[in-house]
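You will see chain A twice below: alongside chain B first, and alongside chain C after that.
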Partner chain A sequence: MLVHSKGARRAVWAVFFVLFLPLFALPLLVVVAASFASTWSGALPSGPTTAHYQDIARGDSLEALVTSLVTAVAASLLALTAGTWAALAAQRLRPRARRVLDGLFVLPVAVPSVVVGLSLLVAFSQPPLLLNGTPQIVVVAHTVLVTAFAYQSVTAALARLDPAYEQSAASLGARPAYVLWRVKLPLLLPSLTAAAGLCFALSMGELSATMMIYPPDWTPLPVRIFATTDRGALFAGAALAVALMAATLLVLLAVSRIRTKASYR
Partner chain B sequence: MSAATGTRDGAPTAPTTPADPGAPSPSGIRFDHVSVAYGGNVVLDDFDLTVGPGEVMALLGPSGSGKTTALRAVAGFVRPCAGRVLIGGRDVTGLPPHRRGIGMVVQQYALFPHLRVEDNVAFGLKARRGRTGSRAETAARVAEALEMSGMAAYARRYPRELSGGQQQRVAIARALAIRPGVLLLDEPLSALDARLRSGMLAELARLHRELPDVSILYVTHDQVEALTLADRIAVMDRARLRDCGTPQDLYRRPRTGFTASFVGNANLLPVTAGPHGTADFAGTRLAVTSADGAAPGASATLCVRPHLVGLGEGPNALHGRVTEVQWRGATHRVYADVSGHRVMADVRELRATPEPGAEVVLHFAAEDAVLLPAGAGSAADE
Partner chain C sequence: MSRPESLALPRDAESGAGTSAESGAGSRGAVGRAAARTSPVLWSLPPLAALALVFLCPLALVVRQSFLGEEGGPPSTAPYAKVFAEASFRDALGTTVLIAVGATAGCLLLGFALALVIAFVPFPGSRALSRFIDVFLAFPSFLITLALLFLYGTAGLANGLWTDATGAADGPFAFLHTPWGVLLAEITYFTPFVMRPLLAAFSQVETGQLEAAASLGARPVRIVRKVIWPEALPSLAAGGALVLVLTLNEFGIVLFTGAKDVVTLPVLVYTKAILDGDYTGACVVAVVNIVLSVALYALYRTVAARAGGARTPTAGGAGRRARA
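This part shows the complex of A and B:
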């Protein structure tokens, strides 16, 4: 334990409650409170109502939530496939080539996502690859943005994987593809699900690149939250934010349950 | 067990058979002047060795001596930069590991943690199915391998639910299930505690009696394992093969000082060879056994095992002074200084132990003193 004396430990807890709680937890609680409010004149929102949620259940906000979910699932699956594939391939590269590949995958994270959105828009606005105005361009943008995280976490997991597993499997007569399916991927499963969860969460919250490219018939929920609050409907926006938060957490919870089952040691 | 075959002569191999890793054919391994280098660093240098069909060959050496590299060259995990590796007379130098038809057990067993014991053992059979046989045959072979290794009762367990010794048995069963002609064991007992280790040594010896056609290449740094199990021992040091012979041969008549000190303990004394089986050590003429007939006047190394050195007057008496006495249960080890050289004697537990500084006389029989060529004694002290 880093802090031994009782008094010091109390002081650390006090710092935590005074500094971190207001920054991390309170704003989220306030959003939840606001989503059930109709007025906000005092210190706290007031006039409790569930009207905003009823609006969500009725209107095209629900459609936006589904759009976000579909986009995030598609983007994280694509990113996971591409990232895992690339990480497996990178393992066999020479160190120099590997560093180049690492840099290439980190590029979309290093570049501001607005720029990524704009560049995709410019690049795919002309035939033969005309994606501008289609839902696909949103999925592509999200995939580009989150693949780096899948690539990095699978790379880290591969570095930790004892090569003796792969070698034992090969010595038993298993072809490389068989080793991949029956040994490597199952052993990587905990890391793969962790990466999938991260990609999904990032995609669910993506706004800046999406703003540049989303077509009118494919509006993800963050865009709708932005538009709603932008025109002054703060409480309706808060309700949408709570819906986004809940949906993301539910999916992450499901993913983490798979992960617990997949970890062996 | 089969008779030991020659080291440096032609391989006692079967005629070249078509590639069928499933067949339990007697194989044998041949290293044909194999060299392996990482970057410019040579880790295996012109390694030439033949393991006969059904023979147990121990590769013995300190860490970094190249023994594991030699094993990995057979498995196909390292590619030689020169020379060839043959299994059962078939050149496998360019073959990927999965087409070599070998069984392998590594130090940490590497059991697949996501598979039950039975699925671990069946892994090799399933991976080759189509090449070997039906589902029923797989099940029968898994049962047989588990029975042989005494793990039949644990078939439904996961590796994490087993002790180290049990995991070891499963790893051996997994390697044997594919009925390999060659079994590679890479320090298989080093992760076990001393008591389990001696039990597993007996197990391995029994397994080999039951599977007399399987050639075993056994990598270890433990001389007891090598002496117990091997038909022949290949002693390695600094990327090279230093000596090769039966355990008795290497122990009684080591050809190099390195072998003498690594296979059992040894007193290595600098001497000058004399005429007719004699040698001069610090002004004392000793009667010795000279295998190579060293030329009189040439400097040489005399190897005497500590347990063959006695206290008191006798043939080849050496006068010295006790420097230290260690009690080792059944024996006492007496360290003495004889003309500036340290001599060890392991004697039956003494009633009156000599004090350090006391005068002592040591002796040994001529047939227990082996004359080695000079420079051979360059090995490290124990």
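This part shows the complex of A and C:
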């Protein structure tokens, strides 16, 4: 406790909430409020309606939501596989080689996402690998962007893992593959599901690289939100944004439940 | 971090020695050791090859394209000269750096103040609040710009309050489509990136230290400066560098702002490549952006590693105490 007097403490809290509420809580609230409104002319939105949500349930927006979900699941699984493999391999490398691998795998965080999209356009627009204009290029872009996060979380989890488990398994005659499958991966499972949740959330909200490469028949939800708000339909855009947030939160919640179940083992 | 390594190595050496003793020939032990050394490298090759195919090679192709003119011919620096001569590029570079530096400074200031209150002047529900901040990080950045449209847009909360109260036709808030709107959105979105490492660092500060300082008569400002500030500095530096990189690369917020006169480097890449079809120009801007961000990110990794290294003994001590 830094501030002991009661009055001073109240003053500090007041300043805190004056800063915190308008900056962080209000934005999420107004998006939800706007998604149920049809006009906003006074201080508060008016004309309550659920029409925007009914529009999502039919129409192209549902398709965009499904597109986003499929892309995010595919990209997370691919990124988790590649990231876990690389992290497991890096752990056994010598320090210098490991630093090189570390640097290469976290590089996509530093490179602007727009540039990642541009590089895929430049590389895959001509044979032998003609991916431009296919849904696969979107999945590839998302995988590239989220693999760095999967790699980082698995590396951090491996560093915390007690090596005694695998050593005792190995000393009892377990082969490396068996140790990996029955000892290491189960111990890593909570971190793996957390990493999967992170990858999924990032991929659901990815806009920058997607704007560069999405084909007309594979429009993820963020692009759809941009197109909707750009033509002036702000309230419909808000409803789509709420759908995006809700889908992301639901999956994160489900993933955290898996984690608590796994940590009992 | 080097613990598993140092424990695994002697075991490998032992098993190698054991094999050689059993077979009675030194050569087999040497072969076994060589195999043990090369197999980690072999195992790291498949993910590395995948990364090269979808990321490293495309990036190299961007650099190659940036040196080739549209009409082909030998590689030259002519595309760079052409882009650097454009006023739009120089404006975008200036805008990008200004917004990034401003947003980073704002995030550091705000993040430090808010984290200070959450950690050291806790109130009921401050735990839930830091959970809320984690949730905030899971949402895409453009949501903030969308929300600001409803808060400060021509038809929105703030201007609506003003017109209701005064009866005027328009509200006074019209900064959304200027660099200030982008700045506000970026500060809002990226402040949690500063707060998270700060809160982690603050949880390492012993409350006893604060109590001792307070009982010796130090006022809160002095405690913050002398006790908390040194503890926070590494995380602040790391968080600030990370936010600087992320704001340099931010695209969604600027795109959603939709202002014609706020063009940053990522937006310029998008405009040149998708709207103008000028791939060479886009690649030149992309290379400039990559150089800026990757250099900064390398700096961040160095600072973060040093900050982590400085904290490790304390963290280990805390872990041991928690287990005992």
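One rule holds for everything that comes next: the second predicted complex is superposed on the first by the 250 of 265 C-alpha atoms of A that agree within 3 Å, B and C clash if a C-alpha of one lies under 4 Å from a C-alpha of the other, contacts with A are read in each partner's own complex, and residues count from 1 in each chain.
Please note the rule applied: a contact is a pair of C-beta atoms (placed from the backbone, for glycine too) under 8 Å apart; a residue touches a chain by one contact, two chains touch by 3 or more.
Remember, predicted model here, so these are calculated numbers, not experimental data.
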Winner on chain A touched-residue count between chain B and chain C: chain C
I'd like to know which partner A:246 touches here: chain B for first, chain C for second, both or neither.
neither
With the two structures laid over each other on chain A, which partner does A:165 touch: chain B (first), chain C (second), both, or neither?
first
With the two structures laid over each other on chain A, which partner does A:173 touch: chain B (first), chain C (second), both, or neither?
first
For A:187, is the partner it touches chain B (first), chain C (second), both, or none of the two (neither)?
first
Report for A:21: first if it touches chain B alone, second if chain C alone, otherwise both or neither.
neither
State whether A:42 touches chain B only (first), chain C only (second), both chains, or neither.
second
Using the touch definition from the top, say if A:113 reaches chain B (first), chain C (second), both or neither.
second
Set of chain A residues, in rising order, touched by both chain B and chain C
167, 170
Counting only contacts in the complex, chain A reaches chain C at residues 1-4, 9, 12-13, 16, 19-20, 22-28, 30-31, 33-34, 39-45, 82-83, 85-86, 88-93, 95, 97, 101, 103-116, 118-124, 140, 143-144, 147, 158-159, 161, 163, 167, 170, 198, 201, 204-208, 211-212, 222, 225-226, 229-230, 234, 237-238, 241, 244-245, 248-249, 252
Across the complex, what residues on chain B touch chain A?
21, 75-77, 96-104, 106, 108, 110, 112-114, 123-124, 127-128, 131, 158, 160, 174-175, 178, 184
Report the residues of chain C in contact with chain A in the complex, numbered from low to high.
1-5, 7-8, 11, 40-41, 43-44, 46-48, 50-51, 54-59, 61-62, 65, 110, 113-114, 116-117, 120-123, 129, 132-133, 135-136, 138-144, 146-151, 153, 155-157, 160-161, 163-164, 187-188, 191, 207, 210, 214, 220, 223-224, 245, 248-249, 251-252, 255-256, 258, 265-266, 269-270, 273-274, 279, 282-283, 286, 289-290, 293-294, 296-298, 301
Within their complex, state which residues of chain A touch chain B.
162, 164-165, 167-176, 178-179, 182-183, 186-187, 264-265
